[in-house]
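Below are two complexes that have chain A in common, paired first with chain B and then with chain C.
Coming up: the complex of A and B.
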């Protein structure tokens, strides 16, 4: 064979290989879609009799949209640093309602925190009344499972669930196609809910590869106040997938506090969207704490819809070896005089990965906007990887917008200072890392739940987090 | 803010067309066109093959659309890929033989082409449309062994150097426009600084886009051998045209051990009229490689022209202890769009990079900073400092910041800061109260805003840049 022919053969081989790789990719996508189609039909068969027709239409349209878009790849800008092909190829299964019963003693053992106030517990995505503590009924306040609320308050639910949103990503669409249960909270005007409302989602040991898609809807009426704390907790060793959505609305003059703890099992996948609409002169504050899961992604979209709306977003993430944590936040200043603050910090240990992408959008005419964003990351290990992408998109001139990002390791002089005072190197690192993290807790307006978060953060440093 | 409004309205100062008979081939692109370009330029075979490979690759590539700019589709078959100003002989041998009109054009632009400009210390390899028409100070450079000539000349006289370095920093498969440039590039500048030589002059090139519908595809290659130093200046102006013109240049810099390259650009191409009609599309790939240890590459740019500016002068910090710098002022006035920034790729140990970017948006201008700082796993003790500030003038413009930071080494220290603000009424009032007119006050504030970048420009450019900014902004603040 002469050289030219060989060359030709080589290039032909390469082309065939490329076609094969493309086919495999195509195959992967279409197989995943087929799988979800069968799940969708399975769900339809079980809840055909019980759900209202508008919900069926909503779910069907959502599924159609999902199957048109499909799972994102790393070529999708929003998923550039988070590869979800593991989620795409795994064959997760729907969980049947009531398939795993957790008795109260078991729950108390499993979930070691005692939390005051209202508590709604969900096991494998379904409301477990016997584990929950509901408050005394108050005028017009609704705190119930979504499943029940669809029957008792169909009008309100229909109006909120069928709203068109432009912030929805494909996982939220998938969630919509599988709406079954979750939480519905409705607070009418001029009321203050004093105790925080705890929403606890636990994953039982029951089965591997379960697919849990909770959907929460929180509506806080004009000039009312409430705090919502979501906790995702599991000691399960199985792989499972939580794909949830929480929609929140804070109407004129309302105050809404939102806390979120993600402490899923080691092999879990967690993709979650929290979409918040903040009305005129109302304020929203949040703290998200990421501790568990193999791949975790949280999208926090805040729309400041009217004049003088404000938000204060805080986040802390502690990925260990083998964990991947991704935070995407988006703040949209639609009207003048909005204020937004943002502080996200990460402490990365072992061969872990973290992603932060924060977008601040200032719409034309949203003058006097004051937005500040900071993302700081501490790398404790030489194998850790951080990708950060703070973004500003500004279409108004009379604004004050800043963002900053910093990445570094612990200051060796500070470590030396502590060591010179008889503190071991490991302890010194712990003290400094904790100090780094606590700033976020103080920045978030937590009030009564401060202690809960502080305990969780401190627990994180046990087990030689800083050593690796 | 009325004074400021009066500032934007000024028409483009350098808008004129020189009537030179252009030796152009018909619009369109295929292999024959590339062969023709190569033939006209009497290139050796390796060059033609390289062009053809690039062309084949380009055919398979898709036009990118991720950038934050919008423009009508470009018909690549409607572009004239070669145009050389005609002259009586094959080419001018000295300045006397250069077309008078061309010389007048330079005169109008204030380009120091003739000998009396020697005091300015500038050697000019002026590119008029696509072929170099005059070169000065060659002798001075020759004495110290610096090769500074047009790219076509370099291909003929120093094929071994061209062959060795061409495409080593920006391979032809790098991106869509780099591939197009590699296939059809007409001319450009080539510069080689031998070992240990400090280039005695500031090297400079002026590009002008002259014949209508001629896409300019410049190619610049600068190689700084061990321990050498060069400062290179690039400045541009172009006449008013109604039809949009595409400019897709490629600039490659290579710095060896201990070498230092300083690359400065003042870009003032036609930006289109007040309503966004016309103007140049400036889609450029600029990249430098700090190949040897302790080398340094520094980009300074003042981007005031072009309807669309889309470029990311980047530095690959490959050697240990290398330094990359990027200083930029980008102005988007009227309907101008700028998506510019840099990429700093930290590969070697103890590498440092600094990014200072100042974006100014006025009227309907759209300004985007997009930058990447990547610290590779082996880049111990990498340091980066990034600051990007935006100044907004008027409530219809926009400023965007899209930094990408990717860190894979814990010893890295990366800082990013960005802010957006406007010229406040208070600042203007303060200035006016002290007897400074609004216009001067705006100019002062803008100059102060850009000071960190201007101070990195060579003297004569710093003066021009400050003037340019003033002219470009005239009437924009009100």
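Coming up: the complex of A and C.
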């Protein structure tokens, strides 16, 4: 065979290979969609009799939209650094309501933390009343499972769930197509809920490949104050997928605090969107702690809708070997005099990966906007990787926007100082990493919450944590 | 307690210590003096196991054990303590948390029980009174935003809490006003006991007005060129170091 013929042969081979690869990809995508279609029909069959027609329509439209868009690939800008093909190809299954019962003793053992106040516990995505602690009824306050609220407060639920939002990504759309349960909190005007409302989502040991899609809706009325903490927790060794959405609304003059702990099982996948709307002169603050799951993604979208709205976002992610954690924050300054603060810190050990992408959007006319963003990363290992990226879109001229990103290692003089006092190398690294985290953890409002967060961070150092 | 034999040390390929011999017994206070760059601080840091210093020759025995084979933390647990010339700031870590972690690691290595947070705080506050530190320093971050004098006092506090067998004070007296100097001296004297040895590294004779050393050694160009009693320090104060460079004086008293 002469050289040209050989070359021709080669290029033909490549072309055929490319077509085959494309076919395989297409195959992968369409197979995934087929699978979700069967899940969707399965769910419809069980829900048919119980859900109102508006919800059925909402879910159906969402599913249609989802099947048109499909799962993102790393070519999708927002998913460039996080590959979800494992999620797409796994055949997750709906969980049947009531299929796994966890008794109180089991739960206490599984989840040995206690915060004072209200607690709503969900097992495999469904409300578990026997594990929950509900408060005494207070004027007009609603704290209940979403499933129940759809029956008791259909009008409010309908109006919030059917709103068109421009922050919805495809996973949130998928979640909408499968709305079944979650939390509904409604606080009318001029009220203060003193203790945090703790929402605990646990995954039992029983099932492999569960698909859990919680949907929470939190509405804080004018000039009211409340604090919500979400915990996703599991000691399960199985692979499962949590695909959740929390929508929050802080109306005029309201104060909303949001704590979030993601401590899913080692083989879990966790994709979650928290969408917040902040009204005139009202403030939203958050403290997000990311510890678990194999692949975790959190989208925190905050819309500062009116004059003088403010937000303060704080996050700590601490992946260990084999974990991938991705944080996308988006703050939209829609009106003048909004203030936003952001501090996200990462501690990366072993062969772990993390992503931080912080988008700040300042609308035309949103003058006197004051926005500051900082992302700092501590790499405990040479095998850890971080992708950090600020994204500023500013369409007003009288604004103050700052951003900064830092990536560093432990300071050897600090390590030596601790060692010279008798502290082991491993413990020294732990102490210094915790010291690095303090700036974020100090945003916890109460001592009990602070302790809870700190304990979880300390626990992350234990077990198979290894230095490399 | 401590025997240093023919110690040679390199830093970044340059020989700083060139054959140190020194023996310190329990109950003794030794002082090392010498001009800038003579290797005083190098000696102090080598004892603590600083990773930047490379021992090329010689040995150090501590309680009969080869100190050079031990990691810094194991040295500390066996009783070596270095008060740093430049104490390190650790933002985010409180003084009390740091010191309790250190004390408990040392206690654990000796088979003692952990001291719980409240017992430790009471114990720490007693020690803080001795160095005249306000109780609020317990909850402040280690050396973070401390003045020079406060940092030095914090080093002395750590010495009082950890109760080492061999305390090496590297220019702890530098930069202190007279009241702080007296305070540091008082605490150093408190540490004096039959079981414990203290090695003071200093530029100035004035510390020795308050802490009476048993031996004074002069370190020049990486070697101990003269050893003597307290009167040697007084002579240095009067004459400086240059007279010792003369031939014949190297072997000294």
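One rule holds in what follows: the second predicted complex is superposed on the first by the 454 of 468 C-alpha atoms of A that agree within 3 Å, B and C clash if a C-alpha of one lies under 4 Å from a C-alpha of the other, contacts with A are read in each partner's own complex, and residues count from 1 in each chain.
Note that in this section a residue touches a chain if its C-beta (ideal position, glycine included) is under 8 Å from a C-beta of that chain, and two chains touch if they have at least 3 such contacts.
Keep in mind that this is a model prediction, so the values were computed, not measured.
Under the clash rule set out above, the superposition-derived model of chain A with chain B and chain C shows the two partners fitting side by side.
The superposition-derived angle at chain A (between chain B and chain C) is 80°, Cα centres, a multiple of 10.
Of the two partner chains, chain B is the only one touched by A:365; chain C is not.
For chain A, the partner with contacts to more residues, out of chain B and chain C, is B. Using the contact criterion defined above for the overlaid structures, shared-chain residue A:85 touches neither chain B nor chain C, since it reaches no partner.
Contacts of A:424 after superposition: chain C is touched, whereas chain B is not reached. Once chain A of one complex is fitted onto chain A of the other, the partner contacts of A:399 are limited to chain B, with no touch recorded for chain C.
Of the two partner chains, chain B is the only one that A:77 touches; chain C does not reach it. In the superposition on chain A, A:381 contacts chain B only, with no contact to chain C.
Within the superposed three-chain model, A:416 lies in touch with chain C and out of touch with chain B [touch as defined at top].
With chain A fitted onto itself, chain B and chain C come no nearer than 18 Å, counting C-alpha atoms only.
Taken together, the two structures place no residue of chain A in contact with chain B in one case and with chain C in the other. Against chain B, in their complex, chain A makes its touches with residues 77, 81, 364-365, 367, 377, 379-382, 384-409.
Within the complex, the chain B residues that touch chain A are 66, 377, 390, 392-422. Residues of chain C that touch chain A in their complex: 48-51, 71-73, 75-77, 81-82, 84, 87-88, 90-93, 97-99, 101-103, 105-106, 109, 141, 158, 162. Residues of chain A that touch chain C in their complex: 412-414, 416-425, 427, 431-432, 434-439.
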